[in-house]
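Can you read through this structure? Questions will come right after.
Should a chain be cited, it is by its letter among A, B and C, assigned in written order, with residues numbered from 1 in that chain.
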Amino acid sequence: MKFISSDAIPELLEALSASSVVWAPRELTGSGGTVMFERWRTGDPIDLEHFSSLSAKDVVLPRTEKLFGYTYAFGGGLGGAFGNGAPAGEQLVIEPAEPAPPAVLFGARACDAKALDVLDALFNNPEGEAYNDPQYQSRRKSLTVITLACTTCDEACFCSSFGNGTSEKAGSDIIVYPVEGGLLAEAVSSRGEALLAEPIFEESEQAPPPLAETARIEGLERLEEKLPRLFDDMDFWQEISERCTSCGFCTYGCPTCYCFNIHDEMRSDREGERQRSWDACMFALYTQETSGHNPRPTLAHRYRNRINHKFSYYPENQGKILCTGCGRCIRGCPAGLDIRDVLRAALEEAPREP
Amino acid sequence: MSELVSDIQKILGETGLVLGWAATGAGGVAAPERFHTAEEAEAAIFDSTCVHNLAVHLPRLKARAVGIVAKACDARSIVELIAEHEIDRELVKVIAVTCPEMLDVKTIWRRHGYGAVIEDDGGELRVNGELVDRAAYTQAKCLGCEERPSASISASVRLQLSEDFQIMNVEERRTFWREQFSRCIRCHACREACPMCYCRDVCIMQTSDPHWTGGGINAGEAEMMQMIRVNHLAGRCTACGECERACPVGIPLMLLMEEQNRAIYEMFDYRAGVDPEAKPPLLTFDIKGDGWGEE
Amino acid sequence: MSTSIPQAGIKASEPLRPEPATVLEVIAETANIKTFRIAFDDPALAESFSFLPGQIGQLSILGAGESTFAISSAPSQKGRFDFSVMKTGVVTSAIHELSAGDRIAVRAPMGCAFPTDDWKGKNVVLVGGGIGMAPLRSLLFYLLDHRDDYGELTLVYGARTPEDLCFASDRRDWEGRADLDFAATIDTACTGWDGCVGLVPSVVEEKAPSPENAVAVTCGPPIMIRYALQSLDKMGFREERVYTTLERRMKCGIGLCGRCNLGPKYVCTDGPVFSLAELRELPDEL
């Protein structure tokens, strides 16, 4: 084990900032106690006490990112309904986005780090095997994850339902444990080891503190088989989703919800960029077709997709449950909906005869 | 059996559905609940954690008879929905409850941990057994409530913010909002929690045609989005504060609404949600002359 | 049905970035459908580009957005490809403004193709309606290019009125062919039309191609597909021998963005071609 004193943490973040973007949890001013992962700049306070309202997924899946820029070059006249179809002879130039700089995620929890491991299954495939996401990959490959072990938890936490709970190491490079006067640090990857070799970390014989034990729901892996059998039971989906008001917080706060929108933003009628932004399956417009037809026309349909995607489709396709039990969707739901009630109900529900 | 439960059971006989609360949320706080039977209704409660404005569900249920438990500010939303002919007066049965100062449960939990046990006897407020400052955890809308003058008003951090905002000049306000909106994630919780935002999937904050806002999640788009929303609620906002309560990143949206509500009151002598027969000022055309200001 | 892997035209290194291309020709098919003949600007890419019938692609008008369409031309046609586009929304309206020489951006091909190799030696019945003829046109070209590999070919293609039928010059060729049993039909009789009259499914039933050693493929408006499937079922076509191609709202086209799934399957990568037997296994969320 290594040790770093609380006083030395800003110094560490400062050193890391020289070559990387550093993300750390911070309470935002005038926000009623909202803690978010923000880009750390010299002098910024960090909050290692409270749970962040949103996950740290921005580090690999930014809220909005540029996919590429485009320019219609040479020539004068405008073509197309929006003036974008370039007239004959004009060049269309498509410029890739610049690669993101290396990043360090400091103070994520085990549930945040594990989420990266879960997302890797879809976004970070070996070359040639499936479609890959180069933006995700370049961010992920140059990311160092320093995870803050949870010595306390709250009533919304249920990471123990997903294997190792608070002692989960997947997705982390270094685990830090809060102790008197600072943090104990343990490397769990070679990248972590290299960082801990820096002189700012002292050798320590101290034992790490006991970790929190969070609530556990047994048998969530059974939902992969069970949910498809509940699919057509609309009364069930109606009932469990009736509190919901159809906002997108549960997906946007979630460390594993990754669905996105692709949209064009014009700087002028000749140039602009294509961007990718977070999108949410809880929005009606998400699957709305131009004809007006919507395959998921009601809230219950959308909620059904969200639960199925996390606990049945993703496990079937990627071998991992798309949830790490971080509890953010529970803490932040404006309507007081608790996904655990839904999961328990689904586990207990006997499929009705059609 | 409480009076509330028997009231709900009575209304159930007429409607078959009543929107209320039960103590099914974490730590024993209230969560919205739909009651269909007299037996289900026995779980109904009303206390200072019944923060949600259940009127948000009425436009979605407009085809059917429904009973609803409502606080004074929730009732204003119902009145405004009736005034706008969004819901049918005959189909909605309101069970009015006298509200205490409602608690800002989200902030309590942010400070004390989610699910921390809240005990409120109307006087002292305890969280996990520890006595806490009530004013710090009272909903801002209650502190400024016209129906029910508050005792806690002087100590409120949120009202201090409101006062600070009043004396800002335009440039300072701009900077203030830029910073606030920089954390907006466009989850639309503000819109979905608002009883008056019933445009649903044709809301122009999101549609591609017309394309009023871009698709990006950044301070500029968030600002544009909120300007649209605030303007669309001019003379319609009943100040229930749900947008601000629902915001997962704590943007003080009611500062904008309060400012606008004040302007509407000064200009039109109108408060939304007071008179079901009223014609909302910005939904009314009064054509004089040729419309170009010429005689 | 098999999950697609990166192919020419979609760079594995940057699958969401389209390639600049040029519209060579615009053919007005109906009042609201145009076919765009397109070639990639990069000569090497134009040369290497290939696809199979049933595959889809994404067309971009940068600034307006990107939409998904079936490739409607012959896979054997090298150097260029067709998309037939119905004007319905923002992107398709912008595409409809294009003329020959204009630039467009393309990601293609994507998705799986019709399993034409499995059909060798079999009779093939194609049932198309309206713009749904687009993928069937590509398939028919493929089958005719490999005519000896297949048995009898039947095509019933219908639209509401003669003016709503696409691919006029192709239809003239198809009508003249002895090795294709082709009927174009319109919903109700009108002057100047001496062809077949009646809804597509009933015309298929009248033609009564044998289900023996045969596969059927249907694509068109949802209501037509529903009745066509009923007719095919009545005629004895087994579910695993009946195919269709699905449309869903798509963004990424590579199975990441999350919106086109039918249960665990993604229409963009696992589809768009599905057999009826495969669809029966999936949740009904069309």
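What we mean here is this: contacts are C-beta pairs under 8 Å (C-beta built on N, C-alpha and C of every residue); 3 or more make two chains touch, one makes a residue touch a chain.
Keep in mind that this is a model prediction, so the values were computed, not measured.
Between the chain pairs B-C and A-B, more C-beta pairs are in contact across A-B.
The most distant chain from chain C is B, comparing centres defined as mean Cα coordinates.
Each chain gets one centre point, the mean of its Cα atoms, and the points for chain A and chain C are 37 Å apart. Once the centre of each chain is set as its mean CA position, chain B and chain C turn out to be 49 Å apart. With centres defined as mean CA coordinates, chain B is found 29 Å away from chain A.
Multi-chain contact residues of chain C (touching two or more other chains): 65, 89. Contact with two or more other chains is made by no residue of chain B.
Residue positions 261, 263, 288 of chain A are each in touch with at least two other chains. Within the complex formed with chain C, the chain A residues making contact are 67-68, 70, 72, 79-94, 96, 122-123, 127-134, 228, 231-232, 258-264, 266, 269, 272, 274, 276, 279, 281, 286-291, 293, 295-296, 301, 305, 308-309, 312-313, 316-317. Residues of chain C that touch chain B in their complex: 65, 89-90.
Touching chain A in their complex are the following residues of chain B: 24-27, 29-34, 52, 56-57, 104, 106-107, 109-111, 113-116, 161, 179-180, 183, 185-189, 191-193, 200-201, 206-207, 214-218, 242, 245-246, 248-252.
Contacts from chain A toward chain B in the complex involve residues 28-36, 50-51, 53-54, 63-64, 152, 154-156, 242-243, 245-249, 251-253, 261, 263, 265, 275, 277-278, 280, 283-285, 288, 327, 330-332, 334-338.
Chain C contributes residues 3, 5-6, 10, 12-20, 41, 60-66, 88-89, 92-105, 222, 247-249, 251-252, 254-259, 261, 263-264, 269, 283-286 to its touches with chain A in the complex.
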